[in-house]
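Shared between the two complexes below is chain A, which has chain B as its partner in the first and chain C in the second.
What follows is the complex of A and B.
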C-alpha cells in the first residue's frame, strides 16, 4: 500500500485539506431504504433454515449418557464421541471414514489432472468439440442412483468384484469429472492466451509454458477444482450405494446407522464429519489466500 | 551461419485461415536493417497477421520470409531472433517485473544469479529500478509497456515486433511513450516493426510507412512520401490531410491536364504517365494548401484554380482552423486555415468563399 502512496504526487496543498470533507464521503447511518431491512430479514431466515437443522444435530451430540434422539438436551459431555469410536455396535465408523478419505483423495487427484488436461484440450476448437462436451456433461444429468446401479450391474456382468476403489471410484468420477471440467472452463476463460504466446515467443517449450506460466496462474482455480472433487466424493451417496461392494464408505455407513443405531452417537458422527469438511474447505481457501499473499509479499517494494 | 542483420524481406507472402480468402494476399516488401517500420491500415487489413508471421506465431500459406538472408519460415521465434511486444503487453501476472524480464533467460536455463543481474541491468535501461519487485497489476500503463519492452529486448533480438503498442494508453502518455519507443529503437539499433491504425503514430515514428488494405500493400515509403504524395484515393483518404476530388479530363495540355468537374481544375501531370481526354481521374489537394478568399477579391499570385463554396462548419483546432466546405458535391472538402489568417477576417457558417490553390498543389492519383 505504501508503494502506491509513494506514487502519488506530493503537493504542497495537502495541508489545506481539512478532514471535515470525509463526512460527505462516508455513508450516512440513517439512510438505508426499507428494502434493506426486508432483504436482511429474508437473508437471516434463509441462514437459519440452512444451518438450523444442522445445529440441532451438533447440539444434541454433546449430551451425556442419558441422552436421547430428541430435544430437550440431557446433560453435557463428549460421551457419544467416545462411544462412536469405541463401540462396535455402532458400526465400522473408523474404517469407513478411512475409506472415504482415501477415495476422496484419489478422486480429487484424478479430477484435477483430467480437468486441467481437458481445459488445455479445449483451448482451441476442434472437430466434434461440442459433441465431446455434451457427452461429458450428459452424465451430470443422469440420476446418480441409476448410474450407480448400472455400474454395479456392469461389474457383475463382467464378473468383477465391486469395491470402493474400483466401481465406486468410477461411479464417483462420472459425477466429479464433468463438474471439475465445468469449473476448469470457467477458470480458463479468464486465462489470457497471449501469456502462452508470450512464453513461446520468449523461448519457453510447451512444457515450460505449462509449468512456469499456466499452472501458477491457474493455481487458485485448480484448488477450487480440487475442493469440488473432494467434497463431491466425500459425501457421495447415490452413486456409491450399489458400487461400494462389501465395505462401506462413510455416507453409506451413516445411512445404515440411521436404520439401526438409536443413540446420539449418530449425531456425534454428524458433528465429526462436519468438522472434517470444514477443515478441508478451510485448508483449500487458506491455500488460495496463501498463493495470493505470497504474490503480494513478493511484490512489496 | 547466423547473421546479426535484421533486414527483412517478404516475398509473395500469403495467409489464409479458411483456405478461401487470403487475409494477407501476396505481400512483397523489403525492410532495411535497423529501420523503424510501421504497418498501418484499418482493422482486418492483415497487418497484425503479417506481424505474427514475421514473429513466428503464424505460418504463411505461401511465400518466403527472409530475415538477415535466412528463410525463417517454420522456425521458432527464438531461432529467428525476433521478439514480440503483445497488444496490452501480456505480462505474466504472477511474476514480478524482475522475474518477467528474466523469464527468457530462465527458460534458457541461466542460473538465477546471472539472469537476475541481466534483468536488473535491463530494468535500469528502461528506468524501472524502483518498481522491480512489483507485480504487473501494480504498474501504470506506461510502466507496463516499458516492462514489456524490456522483456522482449533481453532476448537480444535482431527484430522487435510491436502489435499496437500504444493503443492501451491514454492520449498524453501515448505521445510520451512514442518518443520512448523511438529512443529505445535507436539505443538498441535493431529493426522495429510496429503495427498501428493511427496515422499520426505511423508518420511520427517510422522510417518506412506501409499502408495496407484487404491484405495488400497499397503504398510503402518514407512517411513524408506517403503523406504528401499518396498513390491513390485510398491512401490519400486513409492518411488524411488531403481533399480528394474526382472528375473527367477535359483537356490535356503538355505537362498538365484540366479536370472538368466541378469546373476547370488544372492539374500537373507529375508522375502519372498518361492521361486521355474523357478519363475519370481522382486528384488530391492538401487541406493546408487550400486558401479561402472572399468572392470578388484577387487570388494570391499563382493560384489558378478557384471554386465557389459555402462554409458548412468551422472547428477551431488551436494553431489552425478547420473549415468544412461544400466545394464538391459528393466528397468532403476541408481547408486548414492558419489561426492568424482566419481570425484576421473570420468566416461564419453559410458564407460563400472561393476555395483556391496553386496549380502545383494538385496531385493526380492512380
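What follows is the complex of A and C.
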C-alpha cells in the first residue's frame, strides 16, 4: 500500500491526462471497451442456446399426422395435441396432469407456510440452529433417487401404501423446503427490523406484528417462494420415481413416454407443460409487480 | 437487534421460540430426509435373498462386493468426468454471463430484464428441455443438415446425440443457471468505487479481474459449485436418455440395481456416493459461510 502511495506523485501527472472512463471495465459513459462486444456475443449465444432447442420442439409439435421427430416440418395441425389427450398408448396424460397440478398446489402452500416460519426462526440464533441448517442443506444435496428409494422402503417397512399424496408429497417437500428457506433468507435479509420494533412499541402482539407488518411487507418474497414451490414440485422427477405409488405424476409420465413414444405427441406434451409453466411464471411476476405498484401509489397518495 | 416483545426473555425462551418456528421444517425433514437416509444405511448392511426380500442383520458383504467390482471404479470415473466437464463449462459461461450483466449493462432495469430472461427456462420442465435437443443433435437433426448442406461433412455425425457429448451439452444447458444466480448475487455486491479506485491506481483489466472480481465472487462460485456438483453426481436421468444407454453413472447403476431388486448393493453404493458428496460439499463449505452469504 505504501509503495503505491509513494508511486503516486510520479505517475499521477501522466494518469490525470487519461480520463478514467476510457480505461474502466464498465464505464458509466463514453465508448465501450472491446470486452463488452466479446461478452455481449457470448451472452447472446448463451440465450440462443438456452431457448433455441425449446422453440424447435414447440414448432414441431404443431405438425400434422405425417409429422416426425426432426425438421423439416410436415404440415400444420393440432393433431398431436388431440392425440396426446385421447390416445391410450400415450398413457394416462390427463390423469397425471391432474395429479401433478393438485400435488404442486399442496406442495406450494406447505412450502410457503413452513419456509416463512423457518425464516422467522433462523433470524435469531438458537441452540442447535446450525445443526438444523445443515440437515436442511443435506436434504437439498442428497441424490434424489436415493432419498426416494429410502422413503419408499420406509413406507414398505411401516406397512403404508406409497401414493402421490403421502410419500411423494413428503419426498417433494424434502426438496422444495430447503429451496424455499434459502429464498426466504434472501428475502428477509432486506427486511428492516425497525418496522417490527415500531409495531411492538405501538403495542402489537407477536401475531399482530407478523400478520399486519411482516406478511404485507414480505408479500413479494412470499410469492417468489410460492413460484419455487410450484415449479420445483411440478417438474420433480427423481424423488417421485420410487414414492409415487401406482399412479404417475406428469414428469414420470413424460419419462415413460421418452422410453416408448416416438411421435410428436412427446413434443406436444412439452408444449403443454411449458404453457402451464409460463402461466405460473406470468401470474407470479404479475402479482409481484401489482403489489409493488399498489405500494407505489399508496406511498404517493 | 432483538425484536422481542418481553425484555426479560432469557436465552432458554429464545431457544424455545427458535425451535417452535423451525419445528414444521424439522417435522418434514425427519421423516422424509433423515429417516430414509437411515433406512438406506440400514439396508446396506442387510443380507438379501435375491428376490427383493431383506434379512435384517449386519454384514459388510455388499460393501465388499461394491468396492471389489471393477465396474464401481468405472462408474465413478465416468461420473467424475461428467461432473468436472459440466463444472468447467457452467463456471466459465456462468461467470462471464454474470460479469456481463453486472459490469457491462449500464441500465439497471435492462440488466434485471436480461437476468430474468436467463432464469425463465429454470421454471420450465427439465425433461422437456433435455428432449428438445433431439431435433437439433439427431442424425437427421438441424446441425447435421446444416453441416451437410454446407459441405463440411459428407456423412451425418453420429456423435452429436446419444453420446457423452450430448450428456455434457444437456447438463450445461440445464445447470448454468445455478452458477449465474449466486455469482450474479455476489458480483452485484462489489462496490463499483473499488474498481474505479483500482483503475485510478493503474490496475490493468486483468489485474482487476484477478485481484478484485474473482476473489469477491468466490462465495458465489462456491455456492454454484455445490449446486452443480451435487445435481450432476446425483443424476441418472440425463445420462440414461442423452447417452442412449451407452454411458452410465453411479446413480444410474443404482437405478438398475433397484430394478432387479438388489437393494443391499444398491444401498451400499448409495451410501458411498453420499459420503463422497458430503466430503466434497464440506470441503467447499470450508471456504464460504453459506448462511452468512445468503442472509447478508
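One rule holds for everything that comes next: the second predicted complex is superposed on the first by the 270 of 301 C-alpha atoms of A that agree within 3 Å, B and C clash if a C-alpha of one lies under 4 Å from a C-alpha of the other, contacts with A are read in each partner's own complex, and residues count from 1 in each chain.
Keep in mind that, in the parts below, contacts are C-beta pairs under 8 Å (C-beta built on N, C-alpha and C of every residue); 3 or more make two chains touch, one makes a residue touch a chain.
Predicted model only: the values in this text are computed from it and were never measured.
In the superposition on chain A, A:205 makes contact with both chain B and chain C.
Looking at the shared chain after the overlay, A:150 reaches chain C, while chain B stays out of its contact range.
Look at A:233: by the touch rule set out above, it reaches neither chain B nor chain C. After overlaying the two complexes on the shared chain, residue contacts for A:216 are found with chain B alone; chain C is out of touch. Once the two complexes are overlaid on the shared chain, A:197 sits against chain B and chain C alike. After overlaying the two complexes on the shared chain, residue contacts for A:100 are found with neither chain B nor chain C. Contacts of A:108 after superposition on the shared chain: neither chain B nor chain C is touched. Of the two partner chains, chain C is the only one touched by A:274; chain B is not. In the overlay built on the shared chain, the residue A:63 is in contact with neither chain B nor chain C. Of the two partners chain B and chain C, more residues of chain A are touched by C. Residues 4, 197, 200, 205 of chain A lie at the contact with chain B in one complex and at the contact with chain C in the other. Listed in rising order, the residues of chain B touching chain A in the complex are 55-57, 76-78, 83-84, 86-88, 90-94, 96, 103-104, 106-108, 130-131, 133-135, 138, 151-152, 155. Chain A makes touch with chain C in their complex at residues 4, 11, 15, 20, 23-26, 28, 32-33, 35-36, 39-40, 42-43, 46-47, 49-54, 56-57, 60, 69-71, 110, 113-115, 117-118, 120-122, 124-129, 132-133, 135-151, 153-154, 157, 170-171, 173-174, 177, 181-182, 185-186, 188-189, 193, 196-197, 200, 205-206, 227, 231, 234-235, 237-238, 242, 251, 254-255, 258, 266-267, 269-270, 273-274, 277-278, 280-281, 285. Residue ranges of chain A in contact with chain B, taken from their complex: 3-4, 192, 194-195, 197-205, 208, 212-213, 216-217, 295-296, 298-301. Interface residues of chain C facing chain A in the complex, by the touch rule stated above, are 1-3, 5, 14-15, 17-22, 24-26, 28-29, 31-40, 43, 93, 96-97, 99-101, 103-104, 106, 114, 116-118, 120-129, 131-136, 138, 140-142, 145, 173, 176, 192, 195-196, 199-202, 205, 208, 226, 230, 233-237, 241, 251, 254-255, 258, 263, 266-267, 270, 273-274, 277-278, 281, 290-291, 294-296.
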